[in-house]
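Chain naming follows the written order as A, B, C, D, E and F, and within any one chain the residues start at number 1.
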Amino acid sequence: MYSNNFVFVLIFMALGVLLPVGALVVLGPLLRPNHPTRAKTTTYESGLEPIGDARIRFNVRYYLFALLFVIFDVEIVFLYPWAVAYHALGVFGFVEMVIFIALLVIGLVYAWKKKVLEWK
Amino acid sequence: MFGILKGLGVTFGQLTKKKVTLQYPEVKPVWPERFRGIHEFIPELCIVCNQCARICPTSCISLSGSRDANKKMRIDTYDINFEICILCDLCVEVCPTEAIRMTDQFELAAYSREEFYKDMHWLYDNHKEHGTYHALQEAKEQAAKEQAAKEQAAKEAGAKEQAGREPVAASEAATGGET
Amino acid sequence: METLHSEEMILNIGPQHPSTHGVFRLVVTIDGEQIVAADPVVGYLHRGTEKLAESLQYTQIIPYTDRLDYVAAMLNNYALVHTVEYAMDLEIPERAEYLRVIVMELNRVASHLLFVGAYLLDLGAMSPFLYVFQEREMIVQLFNEICGARLTYNYMRVGGVKWDAPPGWLAKVRDFLPHMREKLKMYDALISGNEIFLSRVRGMGVITQEEAVAYSLSGINLRSTGLRFDLRKKRPYGIYDKFAFDVVVGQNGDCFDRYWCHFLEMEQSLNIVEQALESIPDGPVLGKVPKLIRIPAGEYYTSIEGARGELGVYIVSDGKDKPYRMKLRRPSFVNLQILSKLLIGQNMANMIAILGAVDIVLGEVDA
Amino acid sequence: MALQPFLALGAILFGIGLFGALTKRNLIIVLISIEMMLNAANINLVAFSHFALKPNIDGQVYALFNIAIAAAEVAVGLAILLSFFRARSSSDVRDVNLMKW
Amino acid sequence: MFSWQTQPLTGLNFIGMVIGAVVVLAILLLVVMYLIFFLRKVVAWMQNRIGPNRVGPWGLFQSMADVLKLLLKEDIVPAKADRALFLVAPIIAFVPAFTVLAVIPYTAGHIFTAGLNIGVLFYIALSSITILGIVLGGWASNNKYSLVGGLRSAAQMISYEIPLGMSVLGVVMLAGSLNLTTIVQQQATDRFGWYIIPQIIGFVVFMIAAVAELNQTPFDLPEAESELVAGYFTEYTGFRFAFYMLTEFVYLFAISALATTLFLGGWLGPWLPSWLWFAIKTSAVIFFMFWLRATMPRLRVDKLMGFAWKVLIPVALFNILLTGLLSLLV
Amino acid sequence: MMLFGFPITGETVAFFMLALIIITSGVFLMTLRNVMHMALALGGVFLGVAGIFVILGADFVGVVQVMIYAGAITILMVFSLMLTHSGNKAEEGPEVGAVRGIATFVGVAIVVGAILLVIRHTSWPVSPTAMQPYHQSTVLLIADALFHTYTIQFELVSAILTTALVGAVIIARKEEQ
């Protein structure tokens, strides 16, 4: 049965969880020393006491990349079924996809022109 | 793009080249004769002139001596603090009797600071293993025996293992004496 | 009104940081990843060499100079003995002068090699660093043979050099030259044409000629801006007027020019060594020097072209065997001034590219 | 399996999302809650596609469209939020009381 | 023969699957461990060094010694860190890395491979979860280098995820399937042979994007030691650090295996057994990445993002249209 | 053996486990204080829903769910949380007044309860041949539907995405001036 494949994936996933959990939670405390001291648990900043807080607000640029990523990820999602069925779809499918891509390229070009893609 | 490919070619070319790593603890580096390693000290030669202690830029040498029965100065203590010694060779340079010399011993790692204070005995022991003193002595002996011109061939064979060190010691002595 | 402009963050780069070449500390204020202020903090390696010198005889100071710019100690040795000789008006045996030039230029090559390797390591390429160490090792080994140490040479003496070259040493140097030239070609192929590398250094950290002069830069930092200033030519000391070599200059004063000048300068140094090997005379290597070196009372300053710029020694003497006051003009320290200016407005990732290209050695900066 | 458990799950997820959207003050969390509601709808769409009287693929296609629209919605929603945050330095729903900043 | 597709799920079947999965994972872990050894050796040889040579014959046990060492190291949680997230983040990064290995057809028999009909997409979807693990780890550390490193990592990985996904499309169009096993089988009968030939543009884009996804040189800015110390895992110690490293190397293996499957004909090849062919091709891809690592300096961060969006994505889109046009015309 | 009235099959077990994950994550999402932890819980919800899709035979939609929700949207959320929150600031006090919170909860509970009742008591017309999952690759079916039945909608998605992209860029970039 096809769904067995998903069971197999699930087993992999479970092992993937078990391995770190086993190593960190079960095996770890048995093997590892644990003597935290103040100096040890200080945040590393080139050997000095950290100045100020690390969690500052970041540049909006990161958000814009994530935004582009979301939009284009969605595009890829629609491209995949098209690619799979490409032979069956023929010219009509091709034209449809050209329009689809063209619209998104307009968005990309817009972002490009707006210098979203520049990293200043 | 072309530059990247060129670079890739260079690194690939190195793949089969001879490796340069020295397998250190098993294979010791070969030092040249003039190498300035940790000192050796031969108490018999020292005349306690104190020049080495005076010239030392870091004042790491401390020594004391006393007059023996023959009114000759004998060294009593001779300590070098290798925490601060910078192996500059100035003490060797000024020593009139070559009582203090440098060896090719360079391994000084220790677990405590105290171990860096090396006294006369340690420095004397050091010369047995790494020093050039014996080689120098033998070279002198050999020269004397050569003059006697007896059993020449046998002597040379006996001294052959020391041959590597001989010219070094000689030239070092010559230049050292000059300054 | 608060904008969504990111908050500013103060970041310590160093003293314990992988790319500060020692214990250099740079306090940068970044906005996002853009640097708005950079404040170098020096002194973590300060040993008070200048003050120490006041209580040392001139011969005793020589080993201390080894510890300034520890990748080019021969040049430091020379800077000091040159000033003392100048003050005492000593005659130096010619063979000693030639030997000095050979070791100094070899040391310059070694120092520049290290710069090339370390700079590329900063930019993320690990292999060049290990390659240059092989050639540097050869030079260091040559030094080891002539003076018994690999890094802290203590080779020069007032009035000459400590030792003559051991037998066969000059021939070894002669053999080394073509090998080094070949290797320079290899490094050139490995890196200089790499587009990724070029995109990181071209047009980065540009210094104009006016700025370079205003900030009192010297050495390659100055020459990369196109200014033909080399003390070996401008104010020849020793026997440098006997050699034919070019002063290498850059055009744009950017990081690439600084990198590239190092390359070209190595070749010029090799040329000098070659000429020196050809015409080295026989003779003594140490001139007639009084046992206790005293400088007549007065003030003396001479400077030489160090590996990183104008390396000057200023001595105030009261006629005793120890300097009354000694001041070292350390090129790294002076060149470091421009760093804050270069960094402002740059991205964090370019920070290292710029910092590395200014080429500082912390032993020299902190003295 | 039958259809009902899936629908029930969808309803509960929708309820959680609704509760969040109504009570949370952080605009981002409100957006997250709305996403959860959309997810609940998707579960129903796919469940119906699977169990309906005439099972077909349409439900899945609609779920796909739904996901695409949700992505667009989040992108714009968060952009508006950032714009709002820039003006007010807050991401609290209660501060949103004007149409234009 | 044990096949997923035909048999219903029974208890015995399930146990077989579990045993199979454990065996595959054990082998893969060993492979990944030796990848690290291989990396160190290759890079060392290219740098005229010997590389690891002390632990065991030719240093063969070096990786094991490293793993043991990391296992025995103290697990330090910085006082200022967000404890829960700090502890969980490496696991979040690691699990998808491991899971993607389930879909790669290692041999012709593909006994222990999940032949998902959506294999390619499965890989791409899961690998994006790792980004979350990385950015959360960077944030949780509450360290400036980690935070910047994590953000940069995330920005870089999401940017290159898009060209990665697009470059595969050409292959999917030619094969008409997302199933990795089918893709390999299609390459056996395709008139152009392996898809690297008709999809050379796609392959180049895929490799560049893959290297960037892996944060490998020359795209290793997020963990560029010279600026950001170690990037997002600066604060991590002991086995948590090991899991980040492991994630990286598992992905290195996985993406090389994916490149082999999609473009190099997977396990196809004459004479030798199929798994050996697969191993040879994958090793070649991995070697190429290590080779890059030994040669390249790092890219500049401002060029990095622009490169993905301005160069790779247009090229990948062009490749799709070209493939579409060509298969319509030819 | 029955589980909540359903025979124990792999499907059932998987469904209830996933439901548990979804609902726990959802509850965590509503109760956690730290916004970053919320983002993590959100990932849990999305992954659980993806699992549900897989159970329902919609493997493609499931993977898309992972890719877009668990991958892209969660990261976008995390980024915007980083942009709008300084971590050192304590989370803003209680969300809403306790009374209003409880009232909302009761209201929502009633609505959900009502829906659940309706679900339980409606006799859903189920075809005797419930869609056989995976008898054909769902990707092909979806492609067929997308490019034949839903062509216009498909192109509209593209238009909406572009509009969203442009709009979001305009809004988010406003500060540059």
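Note that in this section contacts are C-beta pairs under 8 Å (C-beta built on N, C-alpha and C of every residue); 3 or more make two chains touch, one makes a residue touch a chain.
Please read all numbers here as calculations on a predicted model, not as lab measurements.
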Subject >> Comparison of E-F and D-F by number of C-beta pairs in contact, larger one >> reply: D-F
**OP:** Could you find the chain whose CA centre sits the greatest distance from that of chain F?
**Re:** B
Original post:
With chain centres set to the mean of the C-alpha atoms, which chain is at the far end from chain E?
Top reply: B
Original post:
So what's the Cα centroid distance for chain A and chain D, whole Å?
Top reply: 21
**OP:** Calculate how many whole Å lie between the centre of chain C and the centre of chain D, each centre taken as the average of the chain's C-alpha atoms.
**Re:** 64
Subject >> Whole-Å gap separating chain B and chain D, where each centre is the average of the chain's CA atoms >> reply: 80
Original post:
chain A: which residues touch two or more other chains?
Top reply: 2-3, 6-7, 45-46, 50, 53-58, 60, 62-63, 66-71, 73-74, 77-78, 80, 84-85, 111, 119-120
Original post:
On chain D, where are the residues touching two or more other chains?
Top reply: 64, 67-68, 71-72, 74-75, 78-79, 82, 85-86
Subject >> Residues of chain F engaged with two or more neighbouring chains >> reply: 10, 39, 59-60, 64, 67-68, 71-73, 75-76, 79-80, 82-87, 133-134, 137-139, 142, 144, 146, 157, 161, 164-165, 168-169, 172, 175
**OP:** Sort out for me which residues of chain D touch chain F in the complex.
**Re:** 1-9, 11-20, 22-26, 28-29, 31-33, 35-36, 39, 42-43, 46-47, 49-58, 60-61, 63-65, 67-76, 78-83, 85-86, 91-92
Original post:
Across the complex, what residues on chain F touch chain E?
Top reply: 10, 34, 36-37, 39-40, 43, 59-60, 63-64, 66-67, 70-72, 74-75, 78-79, 82, 87, 134, 137-139
Subject >> Interfacial residue positions of chain F with respect to chain D in the complex >> reply: 4, 6, 9, 11-12, 15, 19, 22-23, 26-27, 29-30, 35, 38-39, 42, 45-46, 49, 52-53, 55-58, 60-61, 64-65, 68-69, 72-73, 76-77, 80-81, 83-85, 92, 95-96, 100-101, 104-105, 108-109, 111-112, 115-116, 119-120, 124-127, 129-131, 133, 138, 141-142, 144-146, 149-150, 153, 157, 160-161, 163-165, 167-169, 171-172, 174-175
Original post:
Where on chain E is chain C touching in the complex?
Top reply: 43, 46-49, 144, 148, 152, 217-218, 220-221, 224-227, 229, 294-303
Original post:
In their shared complex, at which residues does chain E touch chain F?
Top reply: 9, 82, 84-85, 88, 92, 116-118, 121-122, 124-126, 128-129, 131-132, 135-136, 139-140, 142, 151, 154, 158, 177-179
